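Look for chain A in each of the two complexes below; its partner is chain B in the first and chain C in the second.
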Partner chain A sequence: MNYSHFVLPFTIGLIVLLAYMLVRFGVWIYKLDSDDKQRILKNIFSIKSLQAIKEIFTESLLHRNIFKTNKVLGYMHMSLAFGWLLLIIGGHIQTWIFYDRLSNPIYIPIFFEYFVHNKAGMLFGEVLTFTMDLILLFILTGVALAYFKRFYSKLFGMKKTTNLKLGDKFALASLWLIFPLRLLAESTAASLHNTGGFLTQNFGNFISGLIPVSFFEPVFWWAYSISLGVFFLSLPFSRYMHIPTELLLIALRKWGVKSKETFDAFADVELHACSRCGICIDPCQMSSTGISKKTPASYFLKSVRDKETNSYDALNCLMCGRCEDKCPVGITTTNQRLAQRINLANERQGDFSYLKDLNYQIKTDVVYFAGCMSHLTPGITRSMIKIFRKAKVNYWFMDEDGSACCGRPQKLAGNLEAMKQLMDFNKKRIVESGAKTIVTSCPICYKVFSEDYKLEIEVLHHTQYLNRLVEQKLLPVQADSKKVVYHDPCELGRGAGIYDEPRKLLTHVATLVATKHEKQDSLCCGGSLGNLEIEAANRSLIAKDVVDELSKPNPDVIATACPLCKKTFIKVSSVQVLDIAELIAMSIPEKNEKSGERKKITVLQEELV
Partner chain B sequence: MNKKVVVIGGGITGMEASVQLSALGYSVTILEKEGQLGGHLKDWTVLFPNLRKGNEIVSFLEHGLELQEVNIIYNSKINEIKKINKHYEIILDKQKSITADAILVATGFDLFDAHRKEEFGYGIYENVITSYDLEKIFAQKGEIKTPSGIKPKRIGFIHCVGSRDEKVNNHYCSNVCCVTGVKQAMELKTLIPDAEIFNFYMDMRMFDTHFEELYLESQKKYGINFIRGRLSEANETIDKRIVIKVEDTLTSRPLKMTVDMMVLLVGMEPSKGTKEIANLLNLKMRESGFLKPEDDHTMSNVSNMAGVFFAGTCSGPMSIKYTFTDARAAVTKINCFLKEYELQNRILVN
Partner chain C sequence: MSKFGFTINKPRVIDYDLADKRVLNYVLKNEPSFNLCIFCGSCTATCSAGNFTDFNIRKLKMFIRRGLVEEIGTEADKCMLCGKCFLVCPRGVNNRNIVLKVREALTKIESHEL
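For the complex of A and B:
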């Protein structure tokens, strides 16, 4: 007997789900642009696919990244995902061995204990039964944790998850029932046929004293099958869609498909791969300071999925990238937000007709582009000029007068057309100058120059450039005993991956002390141009938190490498705030040659006398 | 036995209120953090709107104190204020303490620190000074020179530095800077008749008696120029002159001008002392940090702590004239309180 009607809910559910996923994945891949499709074709039959499988194993099953953030949460996810997979594999092995053939109906491995009542003589029968019970126990501990988490967080009024949609409720309820029902079904079967392992047999014997098992056995198998069927059918309409979607996301990434700033099929895959685990909520400073509870990526991505985005929510984000850094699924949350800004950008693109009047040609080796924000912090530009002169660099201060913005603020506001006009203007001037290097004092400019301008010359942030000057001994500096902490600007650190040069540079002139949030984990100063909605007082609220944290090691100076961070900190800091360029300029030894010469002359005169 | 009033702060408010409280028969003690009385007034040579000398006011206040018996503790630092029944125990450093039946907080303002507007170049460009620095130059009574040592031919005044500025979280108007700009421009023009003087402003708030007349006089008689536009940034030329970049909002055109000296009209902020005392006494503050009365219309000078009153610029920017008025108003309220007439008992019906 290899069939019973109760297998239908499971079987239909599974087939419908697989068909749906096939179509859904197919449409996503079809909608990718032709370059991305070429990349997939190139890489699908290469080691990249094996790497994808490896990542699927470590991330989608073992949940390594969630483990890093929270061990209990990691265990919960791993026991459910990895345990379930083991259960499926174990079921198949049992089926293959017992029936001695590879091809069996898809429901047999799931309901093996219903169909097989006599395992006598079955190879590894005992071992497999024991193992299957162990796996089930492993999963049930995860389910228990999931119950506990929901109950506990409600009981203590902790972090609330967003309202569940109807599909979520069905999927959640059925997911929670699947494994307890499996336990009941297998245990009642075990008590009837004596086929169970340490868990199901003992539990079955126990409940046989409480309920008429022969009546309840088929009920539990039906219930188990229905819970599986309901879960599969509700999955596409629930947040559990993230489970299959993440598999595709990992594969696409490995095959070379990259996130773009405009919304495409890959972005849509990312969007559906978000499990709303909420790991992005705590690192979000807009949320932790209480300024805006809606800003964290998990809420924003949900609003995009539900097509409920609005301009305010899209713009009320610092774009600091902390959520992106922490996302266990690796969703490019900053690009997601940018894509919505571009979609929602209004038509007012500004009038840049004045740009044509600013054309003149200068030949130089190094272009220095201070950036608008550096113009508001003349301490930085003056330091750079002093350094260029000391190092005898043939430079041109491109935006000293009559300058144009780099274009990044327009991009962050979603106004790509405005950005393009500014970029075209600046690029022409940079190229015409014949320079080999462009140096900027502003990480915001650095990011756009290095990523969007497609310049054929070297683009450096001044920390990189100054580090080179100092290490090549082209700029003399003197260390002193100042104690300095370093604040990584978002656009330079997480935005452009420049962490080492500023630190190396600082150790040349001061004593660098570590703080709680370093490198990828650094905080946003609050001044970010990325947030177009935040009020100035709230910027200071964030800045105060960050300055308090940076001041903990009692530094003499809070050093940063961004004019905007500097300006934002100065308002709230009792500790001196300086840009690295200023610290370097201050460390250039004053030439005492003249007085030295004079001394020599006096000595000579004395000797003469 | 005389009831005791402790006045915290010995500026205009503290001095005038002490004189009046003492005249009403109370035993008054002024706690002054510095070595002398007079607060900011002693740094101001000439006052608007009538260009009278600042030290005339100082001597008026001092003479009042001479006529009355007021105990003054200089260089005092308050460590703690305890409320014991209806009294306050004010603990100074060195374990000294004074009791008070009522406290008048008169801790005043601090000038906005212009370093916080780095784009204006104060502390970076030699020839950028504040209105306070200019007063000190006036006080030296010599020939007017820029910090670089030249006689300025063109001078720019920048209004609203640290006031009405979202970017430094100060949304309020400091009341006195507009007219100070007019006053200082006229003084400079008198001292350097061939100088060109420009005031860059957002709005000219000439609200008080004779202010508007002074403003007109500065234009007609002194030839001071007023340009409506806010400074965006300042640069320095090789010869240390200052390049001012503004948008002239009346002609809607960007404007660039090089001056020999730029004067920043710095606004008022609640003083460090005001914040300290507010924390010690748990006084309510406005978002700006200035002290908040129990009711904006009917309870000015009355704090949320029974027996604690405040007056003068610790409650918001005001000119000397209003500081006097406010000090005297606070005295009336303290007098009522000590005679057990409670303002709070009067009912507000809405």
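For the complex of A and C:
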């Protein structure tokens, strides 16, 4: 007796799901551009595929990244994912041993306890029954936590959890029922045939006193099979689509496919790999300050998936990248949003033909590009000029009389065409100057110079450049007892990965104190050029929160490396806010020519500000 | 007589009955901070594009108010979106987004959506 009608819902559901996934994966890979396909072909039979399997094991099964966020949340995901896999493997081992052959109908391992009533003489029978019960118990604890999470998400380190749509509700309800129903089905079977382990046998004996088990046994098996079938069939229409998609995403990433700024098949894979776990909701400052509940990446990605994006939602984001850093699946949320901005951008993007008339004939070693924002914080540009002169650098202040914008704000607005016009203009000037290095004071400009301009010369942010000058002893600096906290600008930190140089530089001139949000976890000042919709008052709201956080260690100075952060903080901060360049310029020991004594640093400070 | 040297100037009266308020209404709906503008001109003083060419964002905003859609057209294309104008604004007007919304409105007018 190896068949019963109740296996049909499960079997049909599974086959339909597998066929659907095969087609879906095929279409995705087919739609990748030819470069990406080449990369896949090159890497598929290499160590990279093994690395992908390892990452699938640690991330999709053990959920290591979620463990890092919260242990209970990690345990919940691990018990369900890893436990379920163990249950499937265990079922297969039982089937292979019992029937003594490798090929069996696909439903046997799942409903093993229904078909096998006499395990006498089966190799490792007792051990396997015990193990299977243990795994089931392991999963059931995870399910219990999942029930609990719906009603009390704070336990999981999350203030908010995601809302559900209809497909999700079907899938969630069936997923919640699968394992309790398995327990009931196996327990009733165990009480009838005495084949259970410590969990199912005892539980079966217990319920046999409450209900007529011989009547309920087939009912529970049917229910178990239906819940599995419903879960498989509703999976493609629910957020649980992330389970199979994540496997493909990890593999594609390992094979060298990279996220782009325009929306392609890889971006679509990423989109469907979002589990809407909601881990991105709490780090989002737009959400945590109550400015916009819809901004967090999980909601935005959902709106893209449902084809409900609008330009307001796409533009109402600081593009700070905090969600991207926290995402356990590693979805490039910033690129996702940028891709939508590019899609929704107006065809009318600006005409900068007026820029062509300018002609400069300057030869130099170092180009200094202060950036538009630095022109609003003259302390920074003055400090940089002082430093260049002190270090006797042959420099050219490219945008001394005001500049054409670097193009990054155009990109952040999705206007790639306009960005190209500005880039062409600036690039020509930079190349013609014959410089070997370009130094910029603005992380926004730094990002676009280093990523999009494709310059053949070295691009440095001033913190990197100053750090080099100080370490090569080309610039004398004097240490001071000032207590300083450092605020990582988004574009420089998460955007460009520069965390160490600014910190090293600060330790040369002051005492650096740590804050709660350092490096990848740093907050956004709120001034971001990435958000085109936010109101001025709300910018200050975010800035106030961040300044409060930065002021906690009672610093003398809040140091930052971005003119925009500085400008935003100054409005709301009672603590002095200075750019690193200003701190460095202040700490250059200067000899008073008449008396030969060193000028006091405080006097210098007044000169600068 | 025509070479006498005097001509009659076109009247410089602004006829509000002829004002085309489509752009104004679109901007007000999508960027309400436009209402806060006191036309102080700080934005124009700091403008990056204004440094290279005759671009006056304050004037642009006045054209919007007066409903001079033709004059808006070429002006709105000069902005680089650098963002200095919103940083210096004493009233917190999101000037950058106004420019984007003006361009959107102009596209919509061209395609007869507005």
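Side notes on the structure shown:
What we mean here is this: the second predicted complex is superposed on the first by the 578 of 609 C-alpha atoms of A that agree within 3 Å, B and C clash if a C-alpha of one lies under 4 Å from a C-alpha of the other, contacts with A are read in each partner's own complex, and residues count from 1 in each chain.
Basically, contacts are C-beta pairs under 8 Å (C-beta built on N, C-alpha and C of every residue); 3 or more make two chains touch, one makes a residue touch a chain.
The shown structure was predicted, so the numbers you read here are calculated from the model rather than taken from an experiment.
Superimposing the complexes on chain A yields a three-chain arrangement in which chain B and chain C clash.
By the document's definition of touching, neither partner reaches A:Arg64: not chain B, not chain C. In the superposed model, A:Ala404 lies in contact with chain C only, and not with chain B. Residue contacts after overlaying the shared chain place A:His517 against neither chain B nor chain C. In the superposed three-chain model, the partner touching more residues of chain A is C, compared with the other of chain B and chain C.
When both complexes are overlaid on chain A, the residue A:Arg305 reaches neither chain B nor chain C. In the superposed model, A:Ile570 makes contact with chain B only, not with chain C. Contacts of A:Lys165 after superposition on the shared chain: neither chain B nor chain C is touched. By the touch criterion stated above, A:Arg382 is placed in contact with chain B alone, chain C being left untouched. In the overlay built on the shared chain, the residue A:Phe352 is in contact with chain C alone; chain B does not reach it. Common to the chain B and chain C contact sets on chain A are residues 375-376, 401, 536-537, 567.
The touching residues of chain A, counted against chain B in their complex, run 375-379, 382, 400-401, 536-537, 540, 566-567, 570-571. Only residues 312, 315, 346-352, 354-355, 358, 372-373, 375-376, 401-405, 409-410, 413, 415, 418, 422, 527, 529, 532-537, 564, 567 of chain A touch chain C when the two sit together in their complex. Chain contact summary for the complex, chain B toward chain A: residues 115-116, 118-119, 121, 124-125, 166-169, 233-236, 287.
The residues of chain C lying in touch with chain A in their complex are 30, 33, 46, 48-49, 51-53, 76-84, 86-89, 92-94, 96-97, 100, 103-104, 106-107.
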